[in-house]
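Below: one structure in structure tokens.
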Amino acid sequence: MKRIAVFTSGGDAPGMNACIRAVVRGAVYHGLEVFGIRRGYNGMINGDIFQMTSHSVSNIVQRGGTILKSARSKEFMTPEGRQKAYGQLQKFGIEGLVAIGGNGTFTGATLFFDEFGIPTVGAPGTIDNDLYGTDYTIGFDTAVNTALEAIDKIRDTADSHDRIFLIEVMGRDSGYIAIQSGIAGGAELVMVPEVLTPISEVVNILQQGFTRSKSSSILVVAEGEEEGSAKEVAEKISKMMVGQDLDMRVTTLGHIQRGGIPTAYDRILASRLGLGALEGLMNGEKNVMAGVINNELVYTPFRDTIRLPKPINEDLLRMVKILSV
Amino acid sequence: MKRIAVFTSGGDAPGMNACIRAVVRGAVYHGLEVFGIRRGYNGMINGDIFQMTSHSVSNIVQRGGTILKSARSKEFMTPEGRQKAYGQLQKFGIEGLVAIGGNGTFTGATLFFDEFGIPTVGAPGTIDNDLYGTDYTIGFDTAVNTALEAIDKIRDTADSHDRIFLIEVMGRDSGYIAIQSGIAGGAELVMVPEVLTPISEVVNILQQGFTRSKSSSILVVAEGEEEGSAKEVAEKISKMMVGQDLDMRVTTLGHIQRGGIPTAYDRILASRLGLGALEGLMNGEKNVMAGVINNELVYTPFRDTIRLPKPINEDLLRMVKILSV
Amino acid sequence: MKRIAVFTSGGDAPGMNACIRAVVRGAVYHGLEVFGIRRGYNGMINGDIFQMTSHSVSNIVQRGGTILKSARSKEFMTPEGRQKAYGQLQKFGIEGLVAIGGNGTFTGATLFFDEFGIPTVGAPGTIDNDLYGTDYTIGFDTAVNTALEAIDKIRDTADSHDRIFLIEVMGRDSGYIAIQSGIAGGAELVMVPEVLTPISEVVNILQQGFTRSKSSSILVVAEGEEEGSAKEVAEKISKMMVGQDLDMRVTTLGHIQRGGIPTAYDRILASRLGLGALEGLMNGEKNVMAGVINNELVYTPFRDTIRLPKPINEDLLRMVKILSV
Amino acid sequence: MKRIAVFTSGGDAPGMNACIRAVVRGAVYHGLEVFGIRRGYNGMINGDIFQMTSHSVSNIVQRGGTILKSARSKEFMTPEGRQKAYGQLQKFGIEGLVAIGGNGTFTGATLFFDEFGIPTVGAPGTIDNDLYGTDYTIGFDTAVNTALEAIDKIRDTADSHDRIFLIEVMGRDSGYIAIQSGIAGGAELVMVPEVLTPISEVVNILQQGFTRSKSSSILVVAEGEEEGSAKEVAEKISKMMVGQDLDMRVTTLGHIQRGGIPTAYDRILASRLGLGALEGLMNGEKNVMAGVINNELVYTPFRDTIRLPKPINEDLLRMVKILSV
């Protein structure tokens, strides 16, 4: 293999730039030529491809977002789109790919390999930490710390006014951000998609708080929570506690969780995974995602990252309960 | 005057603790006895009053929120409520008050003086910077920097995906947070309550951006904007640009703007105003708010802070236009 | 066991408060009485001991330092000191201890158990991450991120002036902070106590940088580096590169690395370890340290944490080399 | 005037990029052609000059350092150097300059105008806030907040160990950073070059602290302090308090104060001053520095900014004394 390319795809995540840098610098170190593809599969189809050098990735390790930009591509989901993409890669002589993204990205790569034989090794880039095959994904630690800073700020105002706050964090199918930011933020309760929390239990916890004269309470709600969004949960609570003097507010953190300067953890993880994906590709790996499990680099087939669910750590949910006593 | 008390009232703001500290330490320095009242006028009515010393305010200069807690009091709006409050102050022998808050607080203090002769000097504590009689209010600089950090994070993801973002910041009657965070954040447009921005102009600016191939745009919208909330503005834009391929998102920053570690500016301003309010009270001032205008300490009658509007700096709005070229 | 006590000892580390909170809340949850001891073994000797409740640890999860204060105790190293300490614990009816600290603390606890039979379970609180028996120690992740923020800031000015910066970070016997902050900060070289880096190699790397027209370079030096402090390393470099136009500066980060708001990682780790230490003590563990290895809670005898070295991850050192290409 | 150029010179300061952006965008808005000069006067001499557009300054408002790089130029201090620089400007057809820097920069610009008639308008870019003609300089607010964050972190560890810390901040001739970060950080004492603080007074304050059982003390020392560096001050204190059990540490913050993401205040000030300098130049100003005094844009002749001292606000020094009671 002489020429490879790297791209980012799907939702952006802090640390993607550190990952790109590791792929590029690793390629230079090992004597490969390396190209960047802009806007994921769309750029592959349109030939938005350019050669990268060590200098191309100077001074980006600390930047949020992705210098290669990202997009979701409908066209690549069609055989015609993939045919065009293959034509472009041929033109540039690119023999292998490093894809930084999630399961949507890996599904596309699998189809592409089956049709055209171009191998891809993936690196897990998503703030949600919902990918099987790695303990943590690139961007997760930063997103948790961003959510945590917001919780810390909101606790200041919650305490000053003796209020209950419901804070909605990202995680459509996964409660990881909610649990970690909730424990770290000293939340009284964390509601996640993986575990059913009936509203009656929420009301119980709030009542107990009143009894112990807690002056304020923080509830962290993952956006994919079964009982609904934080706003809907708040409305259900209000209905069940009608007649009581509740001062309750709802805040949805939203897109700030996607951006920001990556933490040390995310930069190091992204660097390991970028280098690991590149070296895997050089060693003949294909259709696999590089991950770090128990501090070891491992490769997991795309079919497993796509198929297998990532279980939540129930010990952490137990901790929320004990620590909010 | 031998005994004074300090309290915080209305919405909390970062820097209130630094202000409390300056009042307490200043009182100790000048040989006065100083009391704290919890939860604003409610605590005055209920006698939630305690003596403070130098140690009471150790290690709080850097904390958000207010250690004296804050509340809005309906009871103090009644003659009976004020009568009770007066009784409590009599019990503790308190002869003068420093009130950290906004116009609601100052209105109460004016009534209270007219009825019972207890003088109050105010310090402007509100993130909105909507008080006449001071260049800046306590908490404003921190709120602007909090909004700015959020804008910086969102720009990462906006750039990565070539998106338009509408970001709603606090400021029901005032565009100060919107303008300052918008200029500092490099926003393409800022919409404030003080100036009418027709949706057609917004659409124009977005169109021009497309023409100059700007890949992403940030619009900052104050919550009191005449065209509606950021969500409503986004809907109006969508209607006028129907048929165009708009990737537009809305984020409401919400309560994170009220909390957080106060900036250096806010801690210094709060310290000056706390000390200034205290020394004003000692020198016979009453029914006035301490403010800093052109770096000088000034006292403005409550009737003016309540009555007079605070004009927005139109030069700054002009700057937004030029800088987003 | 009915009554236990918790204390912090040795150098303070961010996350110690989260750990104290977990011990206290865990004890309350399990129906134990829990006491706090101030200033480590000194407070134990002097009887600076007080009962703690759930409320004692409200609103501290986000604070740096330790509310129980810390100290190194010479007196506890004497049999007389330990005898006094035992007397105090008897007086309060304390049957077991949770000690948050490092090997000095654990050595004292072992002696104390041998003499008086009071069992201790430890939690590893030190920013240096130099303890065998856990992947990470409480405070390490925060210290790395603090060092990283400093490196990011220095890179701004290094780039603007085309300068070489030597940045000295903490770690007397351990290069963990240096390696992690160095990789995350995009350093050109990291010098650690565990691996010999001859000055000639440093000079080589700087020369190669010039050849590739790198305009600035960052070298991260652990304080325990064999070639000396960052200042001494800089002097040695200057001597070997005499005649070349070197613009080189040295910065020692110092005590800022010990303080600060703990990261999410540190708060969660501290909570797990605090709860783990408490529950270990309740289950009859003694003379062991709670740690997290491969995401599992484990107990390691003090004699091993004291005796066994913690190896550095050489893969990470290899990464520095590749990524600075 | 049709063509102008902008450059940064002297020590870099956070906000310089926001200032460059305002000059460039302002020029585009007003229909001028605008060039960037790299590395200050050195780049002018060497012809390191390139045309800039709106896009050249996209996404830099939030970056520390300066994209135009900075340097001190010995060659420009010679007539030959300036002759070469003039030749280069002629070649590019540049008729006026915006210089972002300090008094060294402005001295050069004055000589250059006298010899070659090329007008310069300056913008004050230096963290030290030591320039007459403006209330604040670009970078000062960020530097104060950086120093403050460090003080906050150090207070955590000072409190945990009951220690005295001497913290040295930047400011060779000016105590502005020391005073502002000291007040905001709740320091017990601030030592600045402008005011003599005998060591005996420092010792007095520490003794008083002991008497009032203050458990820790923070002293902020400006690097230009007459009694010497923080290290020397600490040695003098130790000598005078010999025999007492002092646990005293010294930390020098160093270059971290030059870098970092600019605060909202600095970005807005930098934008105003950049635009003000440009528009001044267009309106025929020359040999003047744009400044903001009492929130108004003003132009001050270079000869005054160079000659006149900037007085320190003694009210703030008085505040330190009162607030540390």
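To keep things simple, chains are lettered A, B, C and D as they appear, and every chain counts its residues starting from 1.
Just so we're on the same page, a contact is a pair of C-beta atoms (placed from the backbone, for glycine too) under 8 Å apart; a residue touches a chain by one contact, two chains touch by 3 or more.
Molecules present, by chain and UniProt name: A, B, C, D = ATP-dependent 6-phosphofructokinase.
From a predicted model like this one, the values you see are computed outputs, not experimental measurements.
**Student:** Hey, what angle do you get rotating chain B onto chain C on C-alpha, to the nearest 5 degrees?
**Tutor:** 180
**Student:** So what's the Cα centroid distance for chain B and chain C, whole Å?
**Tutor:** The separation of the two C-alpha centroids amounts to 39 Å.
**Student:** Hey, how far is the Cα centre of chain B from the one of chain D, in Å?
**Tutor:** 28
**Student:** Between chain C and chain D, what distance separates the C-alpha centroids? Give it in angstrom.
**Tutor:** 35
**Student:** Two-or-more-chain contact residues of chain A, please, as numbers and ranges.
**Tutor:** Where chain A meets two or more other chains at a single residue, that happens at 152, 155, 159.
**Student:** Looking at which chains touch which, would you call it a line, ring, star, complete or other?
**Tutor:** ring
**Student:** Okay, in this complex, where on chain C does chain A touch?
**Tutor:** On the chain C side, the touching residues are 18, 21-22, 25-26, 28-29, 54, 58-59, 61-62, 135, 141, 144-145, 148, 152, 155, 159, 180-181, 183-186, 212, 261, 263-265, 267-268, 271-272, 275, 294-295, 313, 315-316, 319, 322-325.
**Student:** In their complex, what parts of chain C are in touch with chain D?
**Tutor:** These residues of chain C touch chain D: 8, 12, 14, 16, 39, 63-66, 69-71, 146, 150, 152-157, 159-162, 165, 215, 249, 251-256, 258-260.
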